[in-house]
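Two complexes, one shared chain (chain A), two partners (chain B, chain C).
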Partner chain A sequence: MIRWLARLRSIDRRWLYLATAIALAIPFIVGGRIPMPPTEPFMVTRRLYEAIESCPPNKVVLIDSSWDMGSEAENCAQLECVVRHLCRRRVRFVVVSVGVTQLGPEFAQRVIKKIAKEAGCTYGTDWVNLGFVQAGSDIKVVIENLCRDIHATRPIDVEETPVAKLDLMREVRSIRDVHLVLSITYSPTPDWISLVKGQFGTPVAFGCMTIMSPYYHTFIESGQLCGMLIGNWGAAEYEGLTRQPGKGTELIAFATYGNCMILAAILLGNLGLWAARRSRRQAG
Partner chain B sequence: MTATTLATCVGALVTLLVFSYLVKDNLLYRLALQAALGAAVGTGVFIAWRDVLRPMWWQPIQGAFQGKRPWTDALWLVALIPGSLWYFQLSKKWFWLSTLITGLFIGVSAGLAFKSQILLILPQIGASLKPINPFAGPGGLTWASVFDCLNHLVFLVGLVTTLLYFFFSLKSETPLVRHSVRIGRIMIMICLGAMFGSTVMTRMAYLLDRLRFLHDSVRTWLFPG
Partner chain C sequence: MRRQVVWLITFAGGLYFLLEFLLPANAPAWLGGFGNPFTACRGAVSNFLIVVGTMAFLLGPINLVRSHVQTLRRRQKGRLESVAFLLFLGVGFLAMALQDTSAKQVAERVRKVLFDGLLPAFGNSSMALLAFYLVSAAYRAFRVNSLDSGLMMGSAVIILLGQVPLGDWITYALPDALQLRSIAQWILLVPNTAVQRAVLIGACGGAFAAGMRQWLGIGRRE
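Right after this comes the complex of A and B.
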């Protein structure tokens, strides 16, 4: 028995891959859902929610949506939940993709168009997508230019309409007209913090992949970041706060099967290690 | 078969080819990898022209020559001069010309990086100075102030011991330094553990996203409309 258990230590990793894939595929095949009990959201999620709730009517939220298929797995749900909240609260917003990926505007447009249509928000009046802003080798220059003069930095929107002709953009010229900057991407650049918050004093929030979140926690503690969405978990919490369950809630419930699998693998691996040590002791 | 269905089928096939690497490195996986790389570069070049160069550089110049825009827009042509300097890196004889533009860019980047780092790091240093006296709060000694100060103390111990761990010039013979360095190492291990947990969660999200895509693809294929 002990010898058999010791074999668990050297299990072929491909079996683990297969087991994880099967565990994650269960909800798709069986269609079962794990009920998600309402929990108190993490303070970083709540702070972002509160920042958006406190947006005055004469200001907008600037969203840097710089993600594509590479980080769609988590960033998509984050953008969805925030845009749904903005549309419901009738908070006007401007979307821009700064430097990271040229496909950013298309992915953002696809998500926002659908939600805005459902909520009855009009393009040009309630929201605008400025498209991709080439940052080249230094993103700092673009961020600073956007803060000083949005019209000069991006004179046309994603549909090549001159920005000056859009109703919303007539009221939004620089960072002074922005209540909050939210950067949703794989790993948002800290230059948003140093330039937007540090130089101009406008609050900044991030929506990042879970893998990058430990790095940004220091900026929460120091008050440099006003809030953060961490992966699908953050999106699910945000959906809980807005009482609009969506993609984040669905994905985090599905991921529970995978998490159980990982916990089982850790347990079995440690059992294997214990058994191997014990059998060595018995042999010695 | 519509273009969307075809694109979905190709996407599903490429996903399966990439997953085949989990079994063994194989030719089909490498083929998918090269195709993805080629497609990304091709798309990038096209979008850079469509979204950036054409509307923001070419069209103003074209408009200026056609008299539809102010003549000053034709000055965008001048941008070709510093832009072309980059290509002199390919010539041994004229390499020095490329150093002009390289130097300019390094200068601008260094200046901005300096400002950015000051604005990023200084608030961090300020935020590291936290009170550890529970009596010093506005409401005097309360349970909340005691917990806050304990929290700050843990932070302070973590900060100092982690920094000590990287002081390689410090002799670790004295018990105080040796134990502090050990605590610092434990703190780093806890941090790395949190990062590893986050990595697992992200990888899981990636897999879940692809499985969902495959599931939706098969459903669309089996039950179109």
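Right after this comes the complex of A and C.
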């Protein structure tokens, strides 16, 4: 038995790949959503929700949606749940993609257009997509320019309409007209914190991949970040707060099976290690 | 001579940003109360930085083309990949370059195939492979060989369970402080924050030292 267990120490990785594929296919086959437990959401999610709830009517939320297929699995659900909340609350918002990926505006547009249409929000009046802002190697400069003068930094929107012709943008000229900046990307740059929060005092929140989230907890604890969505878990919690289940709640099932697979792999590896040690001791 | 010119530009750039940041927005009244002269040209300097930064983008494709052309010329291993790279680069470039010409419709269709069809599919596939890699890496790396590795594995297990509904369902009947989600949050907010700060302070110290060396041109010959 011990010898058999010791074999677990060196499983061919192809078996692990097969097991992972099966585990990740389960939610597709069973089609099951895992119900969210009746527990209090993580305070970082709640804080973001409260920040949006408290947006005054004369201000907007600025969303930096800088993600594409690379981080679509988590960032898409985050953008979707926040936009759905904004549309329901009739909080006006401006979307921009700063630096990271040129495909950002297209991905954002696809998500927002659908939700805005369902909610009856009009482009140009309730929301605007400014498109991609090239940042070169220095994203700080672009963020600062955007804070000082949005119109000068991005004179046209994603559909190449002059920004000055859009009703919403006549009221939004600089960071002073923004209630909250939310950066949704694989790993948001802390420059948003140092410039937007540090220089102009406007609250900043992030939506990031789960794997990158430990880095940003420093800024939560210090109060520099007013909220954060951590991967699909954050999106699912946010959907729980808004009572609008969506992609986050759906995708958290896949994350659960994936995490379980990782735990199983850890368990197998350690079981094999323990059995190998024991069998060596018995032999020696 | 070239080196000195580069250093001079670096030094002037660093000095500009340092003075612009350190000097107050307005001089004291007894000096005339004039505004910070460096702030006035901040926009132009920022634009200059963006233009120079954007130029650097060309370096990537140029170096890649050179490397792949060399692979083809020398008939080295991986020629097929080089051909694929050059082909996609050429087609992508043409699709974008012909956007405003009479061949606009064809260019738009090619652009759609490349950027809306192939690129997202390739990106999604390569990122999805990470899931398999993660499982394999967890199997090999998380072995409890010592107290340190045991602690790391323990916290990893708590975080993994604490960030999915399964962890909540396992422990939600327990008092709040004993729930997996609470422990996971505590790990992220307390020990993790302390470690991240320590790393950040160290990294900032290093970045400051590296910046000073660059600015003052110390050891630039190396």
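In the analysis below, the second predicted complex is superposed on the first by the 282 of 284 C-alpha atoms of A that agree within 3 Å, B and C clash if a C-alpha of one lies under 4 Å from a C-alpha of the other, contacts with A are read in each partner's own complex, and residues count from 1 in each chain.
Definition applied: contacts are C-beta pairs under 8 Å (C-beta built on N, C-alpha and C of every residue); 3 or more make two chains touch, one makes a residue touch a chain.
Predicted model, so just to flag it, every value in this text is computed and none were measured.
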Contacts of A:145 with chain B and chain C, given as first, second, both or neither: second
Partner chain(s) touched by A:156 [first = chain B, second = chain C, both, neither]: first
Chain B versus chain C as contact partner of A:209, first or second or both or neither: first
First, second, both or neither for A:256, with chain B first and chain C second: second
Touched partner set for A:181, first chain B, second chain C, both or neither: neither
Chain B versus chain C as contact partner of A:273, first or second or both or neither: second
Contacts of A:131 with chain B and chain C, given as first, second, both or neither: first
Touching partner for A:199 - first (chain B), second (chain C), both, neither: first
Contacts of A:11 with chain B and chain C, given as first, second, both or neither: second
Doubly contacted residues of chain A, that is, touched by chain B and again by chain C: 17, 20-21, 24, 72-73, 103, 134, 137-138, 141, 144, 210, 213-214, 218, 221, 231, 233, 255, 258-259, 262
Complex contacts: residues of chain B adjacent to chain A: 22-23, 43-44, 47-48, 51-52, 55-56, 105, 108-109, 112-113, 115-120, 123-124, 126-127, 191, 194-195, 198-202, 204-209, 211-212, 215
Chain A partner contacts - residues on chain C that touch it in the complex: 43, 46, 49-54, 56-57, 115-116, 119-124, 127-128, 131-132, 134-136, 138-140, 142-145, 153, 156-157, 160-161, 163-166, 168-169, 172, 179, 181, 185, 188-189, 192-193, 196-197, 200
Chain B partner contacts - residues on chain A that touch it in the complex: 14, 17, 20-21, 24-25, 28, 72-74, 102-103, 105, 131-132, 134, 137-138, 140-141, 144, 155-156, 158, 160, 190-191, 193-195, 198-199, 209-214, 218-219, 221-224, 231-233, 251, 254-255, 258-259, 262
Contact set on chain A toward chain C in their complex: 11, 13, 16-17, 19-21, 24, 34-39, 42-43, 68-73, 103, 106, 134-138, 141-142, 144-145, 210, 213-215, 217-218, 220-221, 230-231, 233, 236, 252, 255-256, 258-263, 265-266, 268-270, 273
